[in-house]
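As written, the chain order gives the labels A, B, C and D, with residue 1 at the start of each chain.
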């Protein structure tokens, strides 16, 4: 199977993730969408790595996972504290600062 | 070194264990970063083992010592000639040690030192229950207004974690402009961003806004870094490597060894262009360029003011460093593709920043928009794509960061019952109440406005000159126009402070400890010094303006 | 190189400014005296400059030159020609009067906080302005000039916005609002002009590669540096715009009436008699010196603008109800004459223009300061609030009249010499322009005499009935000015001797010769 | 000898400086100092005159250069004096009459607390006037020219507390400024044409330039002359100038300053000779003014205004004569001198009368004064006879010659000008007789004195209590003596000058002279003049001598009413210039505020508005920020691709 298809899939996933960020309200879901985008990137890396026959891409994928994990730690901490204060995880509620 | 050898480290992992060649790391040349990150780790341990009472002092001392010694290391490296002659690529091609890197690292470190001073300031807030507190939440985990928070306040807790967090962020900022492959770039970006997200959430007053700022910053930051990462993926796909040098070769078409496997993708410029654009976008987000700027005002307003100052100065420096390296090392071959685009971005940024700022009513938001406008000016220098361009940008960053930190430090002083009085109406007649503070702030504003005899003017002139010589005369004209618009709102603040009668319920100006005083004093000193005698620093920037590749 | 006299002339007031600002709040009077002494010392130095200057000698004398910002090709290069000397002396001469006249303008109100030190600030700012103006008259490096041309806006801005007439008709908030409006208007107008000039300055660097007035001029003369016609014109416009704002030339003049109206009389004098002169001076030195061809190209338009300024300013002066605004519009008309003289490009015109800068400084100072004394007595700027003053305060009225007569350039007083030279010089090359400009002298008489009649003559208004005549301090301010006005009107030779060579240099820059008379009269 | 010239100017100038700066301590003695210095000036003049008579006609001109005034490349203006016969004549007239009037003022201004300043101004005037006639170049002349304007401004408005006086002063200065415009343009023309404006070079090299240029210069000089000498169309200020104290009217607005225009024209004779057109215009202006002034003079009831009208008309004669060229110059000056005597005398007489009549100026409220103030009556009467040209008296000699010369101009214009001059003589006789009769003859029509403030032109110099009838009395010696002296002048001067044409010969080296030959013979002209004179007197006697004069002026014919209003010239000025000017300035003020300034404020406002709209984008929703980032990225990519595509 032509590896290029995996690239298309990656692009698709990335777009889905981005779209999710744009349309969903719940901070957690937003966050998951971002994770989805990151993983789309991983898929792309791995695919390219396969195409080029060097392992760099796959290793980068591991890095990405680690980074994503770190992001989860920080992100969840922030989102949770926000949730605890406002009793809602909707990002649209958090709009004190504008203009 | 050849593109594939960069990560030969991992590709050879399949071989028998006894023949793993240990990676060759030039620890000396990475000393600044290593010191800061190490100190950050120690800081975490301090949080774990040192009794609460002693933490504050320990952390402050640790942070200061780390930053100071790191700066000393930078100076030593520069002195040893790594800035010019011996510039090279260290850590198996991951990190460049050259003029721009060292100059920016030095700037970041100095800015961080003074920023950390404002972090440590404990005299502004009235002592709660007999123990002095800084501008960070007593206990970030406790819900605003809850009993637990009051308890924490009563107990006199303070979030001393801010220091290790700041150190981690600084570590990331040190690597960011020095990163010589896209992976390092990405990791550095995250290392500097994540702690900042947290720091934004730690304000002692107006915690709702603080948390909101954190959420916005975090979500948008993560969003942008996802784009960046995808861009990296595409570039990797295009060039088969993430090393700047390798990509540059492929872009130039001067690739050392044509790998048949790459033939398919290397021809595909779409990968290159889209990937480049995405990476660019990730960096433009960090520098706060239009239209990726919208997080800036909200985050700057919500974050604790010391953190805002720190972000506005250090982050910008680091991000522009990375941007410069990307454009000058990786993408010079496709200059004709990205220059027009950057033109548009620069013009948009300058104008939008200046125009929107005109109607702002909150000091911190005002400064946020002004920082956007300044990003535009710096971009004009970036576009020059000449040695002068680089040096002018370096100079501008140096000058700008100190003005910014100083300005935000002054903002922390003007307080009323609700904490900092950031609404402009409250600043009315400040010049009558406390002329000195107002005068200092006026100096910073004039520097922002680029009035001669301030560092702002020297920087602006350098950047515009470079741009004009680089054939971007139109940019200069737009820049001049937007400076005129910008001047208007800086002047407005000065009018407010000096020419309008003070309000009876106006804010008071807190008397800071030597920490904030030092910060402000340094800010003023640098502003005036670079305004009157910029020559030395221009030379420095000029000698440090060649990238190694 | 020798002894850095020029630097000293600028450093003394600068240092004085710092010291004055440092005087503690309680010692207000000390600050005043300090400022006065410093300004007198500066005057002494300026006179020394005039003495050391040899009219026959090199074009720029007492020169100093050091690298300042090598990366930008910027030198700290000073040097004066006759025009510079004249204006430096004028500046140094007027500032002591300004300080003495403003002696009580900045005394803090009782309500002000103890740490608020307006008096020190006021006099420090005046000295700062003086220092910057002097430097910009001395600079032979475009960048250096630009720096101070811009920087002087800031102290000026605080002087306008920070210190208004004490007894202003109308509520204080209202007054403060108008004042800061005027100050902001002043600053933005000039800042925009300056920024456009900045673009041109950068452009000049890109074209010429350095900022030295002398080197660029030489290079052009030697044909080593050839600007494309359009480039030169664009750069010229960039420079001229800034100077036209500063001068001010119609239609960029509207900041002046606000500024002069809202500022205290001494500050108004500082604006129009000293700071604005930098604009006309710069036209003469930089526009003509750097861009001769473009100057000639733009001359027709500029002459028309100058004519409009002359007539328009005078007519608006007639229409004013506010004494200070009236003087402001009169100044606009006079600046029209100066620009006319500069761009007529004849030796009479340019000598006249230079003399005009000096004389206008003196005459406006005399008129405006006396007006200030008048206003401080009655507490109103409206002409209608006065009447019959000459009956109660004859000396004040008399000095006011002399100031007015100088403004309408009555023969025998200094302004006549310069105005007539400008007219003759213009007429020699552009007869029609000269004739139209002549209408200015009728209008000048109109607004001056109307002002005098409405304020000083007629039955005594009861508000002014108790008005005291000039005090000694005030008399000491006005009398020397009047003496100078008469002296330079009867014997302007010392001034013309210094100025003429410089004018000849400028004319050779633009390669212009005076039109020869129709018949060589039998001498 | 020539070093004395400067002293002529210096003496009164010193006086002005001392008196004006001296302060109150001079109040006691100031007026005597002023008079003394005027006398000194006259003395020096006399000495110089004696010296001049001792020399040959051609080398009488003296020259003194003080210093180089405005040395500018290609532009030489010196402070230098030239004393020739023409200047000499003026010097003697100015300083002589001036001294007398100083003396007169000592008494006249006795009760004015600002008398010291008055004398300061008078001295200033003398200095400026002498500078005017002594200057050796047009620029210096211009200085004196404006100097006398200033002095006249100060003196007309001497009683500044009266709005009417202040207004009159301003008007005089402004109208004069219009004339000065002409002078300065003329000087500029000279400079561009001859490269200089010194009398000698300019007048000697007239031949080398085109007649067009000379005509232009000439007309500009004429404009100047019209302003200063109250010639149509710039005559309107003279009537109002009577607001000033009477000695001022006598000295400045009758004897000396107003004749400066004639001096200018005669001095520039060479230019006019070379440009017949300009010369003709001069003559026409003179003729017109001559009638204009005379007609106005007939209608005025204010004695000073009536005399002002006559002054206008007499100067008209001089200008007419000056417009006739070499045949007229000498007579213009001669009439100028004689007029100086008798008109000054008349004014002083009028002043004396007003002094006696509680400062009443309306002749309808005089009458029968000859018995009460014999000296005034006698001197005034002699002046009257002189001005109407009673055979044998000064006026007769000079005026008759002018009329002859006018006819001698030849051609139709000669007839017209001559006729006008003749008619003028008749009208002069009429209105002067009218003044004479209304003032000194007939029955008393005295009125109780109004109080000083309400009276339109009451001169508060004299003290008098409101509401009581005047009790006329002869004026003090200081006032009568000058009147007597002047009376002598007005009787004998003319005859003296005409003895074997001594005056003409005296002036000839400067003005050049040629005999005019009227087409009908000199005797006939003289006869005609006498007839006109008798006719004028007769009509006046019929109208004012035979029947009583109504105290309140009758409505009168249209012409009369127009003449009372200076033939509507002021109304014209008011409507066209004043109103128009007001509208113009007001609209300009509006334009400046809303248009020129509006553009600026508008730009600022629009930036603000744009800012307000843009800031709406910052709506606080993180997701909308994300949208902008996403869109931005899309655009970025698209742009990059496009760039490559292009």
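In the analysis below, contacts are C-beta pairs under 8 Å (C-beta built on N, C-alpha and C of every residue); 3 or more make two chains touch, one makes a residue touch a chain.
Only a predicted model underlies this, so the values are computations on that prediction, with no experimental measurement involved.
S.K.: Suppose every chain is reduced to the average of its Cα atoms; which one is closest to the average of all protein Cα atoms?
M.R.: Here the chain at the core of the arrangement is C.
S.K.: Counting C-beta pairs in contact, which chain pair has more, A-D or C-D?
M.R.: C-D
S.K.: Of all the other chains, whose mean CA position lies farthest from subunit B?
M.R.: Result for the farthest chain: D.
S.K.: Measure off the straight-line distance from the CA centroid of subunit A to the CA centroid of subunit D, and report it in whole Å.
M.R.: 97
S.K.: Could you put a whole-Å number on the gap between the CA centroids of subunit C and subunit D?
M.R.: Chain centres of subunit C and subunit D, defined by C-alpha means, are spaced 37 Å apart.
S.K.: How many Å are there between the centre of subunit A and the centre of subunit C, using C-alpha atoms for each centre?
M.R.: Once rounded, the distance between the two centres reads 66 Å.
S.K.: Quick check: how many Å separate the C-alpha centres of subunit B and subunit C?
M.R.: 46
S.K.: Listing for subunit D: what residues touch at least two other chains?
M.R.: Correct list: 604, 615, 618, 620, 622, 626.
S.K.: Can you tell me which residues of subunit C touch two or more of the remaining chains?
M.R.: As it turns out, subunit C has residues touching two or more other chains at 188.
S.K.: So which stretches of subunit A touch two or more other chains?
M.R.: In subunit A, 18, 21, 30, 91, 94-98 touch at least two other chains.
S.K.: Please list each pair of chains that are touching.
M.R.: By the stated definition, chains touch in these pairs: A-B, A-D, B-C, B-D, C-D.
S.K.: Inside the complex, what are the residues of subunit B that reach subunit C?
M.R.: Residues 391, 432-435, 446, 451-453, 457-458, 461-462, 464-465, 468-469, 473, 476-477, 480-481, 483-484, 487-488, 491-492, 495, 498-501, 534-535, 538-539, 542 of subunit B touch subunit C in their complex.
S.K.: Spell out the residues on subunit C that touch subunit B in their complex, using ranges where they run on.
M.R.: 67-72, 112-113, 115-117, 146-148, 150-151, 153-154, 157-158, 161-162, 172-173, 176, 179-180, 183-184, 187-188, 191-192, 195-196, 198-199, 202-203, 205-206
S.K.: Tell me, which parts of subunit D touch subunit C in their complex?
M.R.: On the subunit D side, the touching residues are 20, 67-75, 79, 139, 142-143, 145-147, 150, 153, 157, 160-163, 165-167, 170, 173-174, 177-178, 180-181, 184-185, 187-189, 191-196, 201-202, 204-205, 208-209, 213, 581, 584-586, 588-589, 592, 596-597, 600, 604.
S.K.: Please give the residue numbers of subunit D that touch subunit B in the complex, ascending.
M.R.: Going through subunit D, the ones touching subunit B are 604, 607-608, 610-612, 614-615, 617-618, 620, 622, 624-626, 628-629, 631-633, 635-637, 639-641, 643-644.
S.K.: Inside the complex, what are the residues of subunit C that reach subunit D?
M.R.: Contact set of subunit C toward subunit D: 185, 188-189, 250-251, 253-254, 312, 315-316, 318-320, 347-348, 351-352, 388, 390-391, 398, 405, 410-412, 416-417, 420-421, 423-424, 427-428, 431, 434-435, 438-439, 441-442, 445-446, 449-450, 453, 456-460, 490-493, 496-497, 500, 503-504, 514-523.
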